[in-house]
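Look at the two complexes coming up: chain A is in both, with chain B in one and chain C in the other.
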Partner chain A sequence: MEEPRIGVYLCWCGTNISKMVDVEAVTKEVSTLPYVVLSKNYKYMCSDPGQDLIIKDIKSHNLNRVVVAACSPRIHELTFRNACEKAGINPYLFEMANIREQDSWVHTDRSEATLKAIDLVIAAIRRVRYHEPLQKRTVNVDPATLIIGGGISGMSAALEIANAGKKVYLIERADHLGGQVARFDLTFPHLSSAQQMIGPMIQRVENHPMISVSLNTEVKEVDGYIGNFRARLAQKGAEQPEITFGNIIAAIGLKPFDPSVIEEYSYGKFPDVITSLEFEDNLRAGRILTKYGKEPRNVAIIHCVGSRNRKYHEYCSRVCCMVALKFVHEIRAALPEANIYEIYADMRAYGKGHEEFYAMTTHKQIIFLMYDQQKRLPVIREAHRDDDCNMLIEMNELLSGIDIEVPVDMVILMVNMEAHENVKEVVRTIGVSLCGNQFFIEKHPKLDPVATTTGGVYIVGTCQGPKDIPDSVAQAKAAAARILATIAQGSVPVEVTTAIVNESLCCGCQTCISVCPYSAVSYDEIKKASVVNEVLCKGCGTCGGCCPAGAITSKHFTDRQILSEIEGIMSMSY
Partner chain B sequence: MNFRPTIVAFLCNWCAYTGADLAGTSRLHYAPNVRIIRIMCSGRIEPTFILKAFKEGADGILICGCHPGDCHYQEGNYKCLRRFKLLEKFVSQMGIEKERLKLEWISASEGKQFAELVNEMTKTILQLGPGKVKKTLEFEHLKTK
Partner chain C sequence: MSVRVQPELRSQLIQFGIGDWNACYHCGTCTAQCPLSEEGFLFPRKKIRLMQMGLKDELEASVEPWLCYYCGDCSTSCPRDANPGELMMSLRRYLTSIYDWTGLSKKFYTSELWELGFIIVFAILVVLSFLVLLPSMGYHFTRELTAQGGVQLNAFAPIHVVETFDWCMAAVVASLLISNILRMYYKIIWKYGNMKVSLWVHIREFWLLIFNFAVQPKFNKCDDKRYWLSHWFLMSGYTIMFIVIVVYLPWFQTQKILPIWHPQRLLGYYATFGLLFGLFVAIIGRIQRKDVKFLFSHISDWLFLAMLTLTAITGILIHIFRINGMPLATYISYITHMAVLVPMILIEVPFSKWSHLAYRPFAVYFQQLKRYAVPRESGHP
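Entry: the complex of A and B
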């Protein structure tokens, strides 16, 4: 092995790292370690000047190993690997130390955080010394795409890909396409018809020669890897022929929050307390009537039902405020005399045309009543027989501070967007991760919000987080563009950190074969040794972990690399 | 001098490491004693890694993988669990308190649980005091000289 020449780079990440870690001290501390040629720090290592610094140093100082201490490798490992490659060294001769997510952001004692950073950087330096160059491998991309979910996100992506002449398998669990949007009457802020938008779209999808739509269908199992997936589908429980495809889009949508868990609202108990989606059904049917068949004289719309409340969901669903205002327009048009109450916690009008829409709605003779989401929810109770209404809402009106009773005949609950109930199953089938609110995690929250950490798997629409129609469509088209780009290239790079067997050390016990979940290891009777099929191997390293002869090397996670990391990681502890 | 315990944590890339990152993005504060080593799957963990970490002076060792059924590689965490049971016995045979070695499942969404786990483990180790493996080995080394 050539003598290691290591360049170490510490990132300030603005103040994100530098305010809790003494970056200068770490830089100095590691500068004298064996094989470290230089150590530097810079405000933003991931920026172009930051990367250029590495590239220039590799060339001028003849570096052959690089360590960057910055954010999580899950965010920028690839960025820096690419920089190394640009400078002419193998991208795997790079190692990252996570001193932001796992250090500066989680600690409050600057000297402890600095010591930890030194440990982590030393560990990376010790590890990178034993890194070996790995050769990139590419696989051909099957030009078909599997899209799970036939709502507006799934259909938008399907049309985009199919219009480029590529095959799409669109799988929908329900017996019709359209998802949530199919339930809407009008859309905000232009009050245009959702039906006139989604209806023709469904037709285009169903009639498109490149889209094969399967309704009442679920994806049972997905095998393979980017470019080369295959899946088993089940239609109404009956198994379908296997399909093959190169990329996957998950567009499984959302589940409306079930408000029956909020005692204050008596949903399920009072027939005229209904959810926003149930109200959409009424609007689509063209009538606003109570369960007694009468036109309501008093309608209340309660915001943030299940949203922005620690007891239910802490996050904001983003669209409900505007949907509630849209309801005002529809109710006012149908019932010119009715009293309309907007019982809100905060009015959020963040999007294009939303603030204007809010301003327009305030001229509709409605009463805005604010409640304190954190302190006391409004309580819906039955009215007395001599009251001139069906129900009363008791609440403390926050702006005036007064306890009031609001007479109502119908209450619409603006329910939160929850993650789909099917989400765990889908997670298992396609191998993506969930965030704390059970939405799919994107590869990078800002720079790559449509991809996932699993190659070839994309997430679009509300399964990635609450969003409105334009955002869902934008995300769907972005994912489609990404997929079309890989199809156009014809091949994609795949994981090279697979396992390899040293045949002369293999004792033939075949333990590795029994633990491999992908049947990637087989026994070669002639060589009397195990052999790994690199195409099937996904690099989990379990075979390496259990090999009693030490004959299996997990590339990029070799015993030597990990043991060296362990040696370095406690440097400052004693 | 005050005892500053060192805990080495082996975290799988897909669930536990992501969970630890989430603790960071959520700015949850936890004890600074933990040193994280990333592996692709908890199934990769060899007994050697654990013994090596004790030998290098770890006062406690955490292994975290995906919850049963959630493994990115289908069942690497079960393989880890099986080996862990044996390792636990082995380690206590060596005179290392079994509380110093812990296996926990942390999902990508459990940043809070990870932070709590580190704090809990730190508390346990503070009660147990410094690990003795490194010191013992140093002493043995002197004797043989």
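Entry: the complex of A and C
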């Protein structure tokens, strides 16, 4: 290894750092440390003149290691790595010390903060000495895409990708495309027909030359990594030829909550207590009739069935409030004289045009009754013999505090959106994680809501969380755009700081395999040692941390690098 | 015990002037800013809720609508334009019809034909009694009468006949009103809830009734004090006029024109001023429609103002013509005066808007009784 020649740069960050840290003193203090060739400070290191200073010094002083003490590496590590690369040294021969978030911003004593800055910079200097150059790697991307689920989300993504001229394998477990939307009559808030929307879309998907639709089909096995997946499919149990593709979209959808577990509602016991989806079936058939074949004179719609209740699901399904209001319009049109009750817990009208839709619906002569969905659910009972209704709903009306009973002939339960029953199987085959409610977890809740922690695997629609049609479509198209970008690039960069196994030290306990969140470690039966797939590995370091034999090293986080860093931070005595 | 919701109540309430009550989404802003709403007697939101749900018995047992004096602040601050002030006003109309056992109140409030029809029939009866009944009894409304010179008011309208009629009318109105108040008491105190109020509390708190009738202190709690003043002038003028006409008619309606400083004339002038002042404020307000409280006028609101104004104007005309010795004009004014006054008192006081002169102070009294109510022992129905 060549002699380390380290350049140290301290940033003032305007007054953000210089106000609390004596930058000059730190610069002077670290300048005499071993291997430090020079130490400088500048008002804004991240600015172009700041970066130019580093580039110029690397060239003129022949530096081969750089330390910048500034803000968080989350903000500017990449900036300075690029500067190093520009100057001709490997970007991994750089280390950043955070003297803003971890020092100047959080302390009030200037002299102590300055001492802390010295410690942090020394630690970085000690660490960077042992940094090794790492090479960037890429893998080629197969232009085909596998989409699991033929609902509106899967079809939207499929059309988007296929219209760009790329191959799509769209597989659907049921015997038809369309998913849940195919069951709906009208949609909110414009009351436009779901059938007229989904019908032509199915046609387009089925007739598209770039989309290969497989109905009654399930994914048996997927292996490979981003850009290079292989899958075995099974159609009605019969194995299909293997397909290869570069990206996967999971659009497996939802399962409606089964309300029979809620005793209070007697679903399954009273024939005229039906779920919202069963009611959609009635609406599509063009009739609103009780099981006795009569037009109901009193219809109640109970919101939040299985939602927002710790006993069932704590989360909100987001669409049911508006669907319930949509039902009001459809019932009012069919039965102008009927009494309609909206038995709700909170009216949630968060979306575009939703509040207006709610306000408009309140003028449809309906009675809103509020209940406490945590403490006391309404109870549906059989009516007394002399009542002129089929059932009675007993409830405590929250806005008046009065115990009331509501005469009803038909009750519609607005059932919650649950994760699909197939979810565990899909998780196993494509390797994504689940949240507590069994929905797929996105890579970043704000900045990357369509990708997953597994490269090349995207999640769209209600399998990621309850959402309405526009949100599902938007997410599907976002995923399609992401995939088309990687296909257009032809290759994707993969993680550099991966783990490697020293096969001679590996004892074959396979602890690493059980802890790896990315399924990147496998066991080589011949060598009797664990093997890390460098494309799947994200460099989290979990395997290295738990390896009892010390056989696993995480690149850029070697024991020597970390121990020197610790020594550095402990070296000052005051 | 659960209460059954009655959605059909809606169609009934609509007839009393209630518009779109579903606009209310129960934020409670109205109740929060109402200076009259208080713990245990919260309104308007809670009353709107009862209306929306069709809880008839709860509504009929409410004193709160009468505790509202309609300053209109609730309607101004309502974020949904649900107009809680007008909903309370409509509720008072509904309650008036509920207290009334004859069913006429509901007819008058919900049918303009019925109300106008009754007024016209009574007016015709009054005119007929002057033209036919009195002459047949020997009181001739003839030229000889006027020929004697000056205005012979007591010969034209014999004082004991008019007085007797006044007392009869007062008795009818009072018995109707009292029976309605008893029904109000039954619904608010007796029937509703498991509570009992001792006789002593009834007696001890009775002063509240008198005090509230005379001063309307609750009205003065509204942020806008102007209407309390004009209302008080109207109320005091009306009350004085009513008492002197019914109880002291021989003292008030004299053949001789008394000097201007005589209490008879001073009282008359004060009452006339009070009436005119109150009427002026209300009529201008309802025409301008600047204040929320005057934004919506039910037919009963206008009829009430119109009849009272006509009564006042004809009363003033009688006085002017009499002082100036114009017999025929005086007699015609007198007949017109009576033709408006009689139906006004017979219809408005027991059945329509004027019944509030009794229901409001009684509501304050009943509210106080409710405060001192104790739970009834179990076993009592």
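As a convention for this text, the second predicted complex is superposed on the first by the 361 of 574 C-alpha atoms of A that agree within 3 Å, B and C clash if a C-alpha of one lies under 4 Å from a C-alpha of the other, contacts with A are read in each partner's own complex, and residues count from 1 in each chain.
By definition in this document, a contact is a pair of C-beta atoms (placed from the backbone, for glycine too) under 8 Å apart; a residue touches a chain by one contact, two chains touch by 3 or more.
No experiment lies behind these values; they were computed from the predicted model shown.
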First, second, both or neither for A:Ile17, with chain B first and chain C second: neither
Touched partner set for A:Leu484, first chain B, second chain C, both or neither: neither
Partner chain(s) touched by A:Met391 [first = chain B, second = chain C, both, neither]: neither
First (chain B), second (chain C), both or neither touched by A:Cys506: neither
Partner chain in contact with A:Gln365 - chain B first, chain C second, else both or neither: second
First, second, both or neither for A:Cys463, with chain B first and chain C second: neither
First, second, both or neither for A:Ile380, with chain B first and chain C second: neither
Which superposed partner A:Ile402 touches (first chain B, second chain C, both, neither): second
When both partners are placed on the shared chain, which of chain B and chain C touches more of chain A: B
Chain A partner contacts - residues on chain C that touch it in the complex: 1-5, 7, 10, 20, 22-23, 25-26, 46, 49-50, 52-55, 58
Chain C partner contacts - residues on chain A that touch it in the complex: 298, 339, 341, 347, 362-363, 365-370, 394, 397, 399-400, 402-407
Partner chain B, residues of chain A touching it in the complex: 72-74, 98, 100-102, 105-109, 112-113, 115-116, 119-120, 123, 427-428, 431, 433-438, 441, 453, 497, 515, 517-518, 538-542, 544-546, 554, 557, 559, 562-563, 565-567, 569-570, 573-574
Contact footprint of chain A on chain B as seen in their complex: 4, 6, 8, 13-15, 17-18, 20-25, 27-30, 32, 35-41, 43-46, 48-49, 52-53, 56-58, 69-70, 72-76, 79-80, 83, 107-112, 115, 134
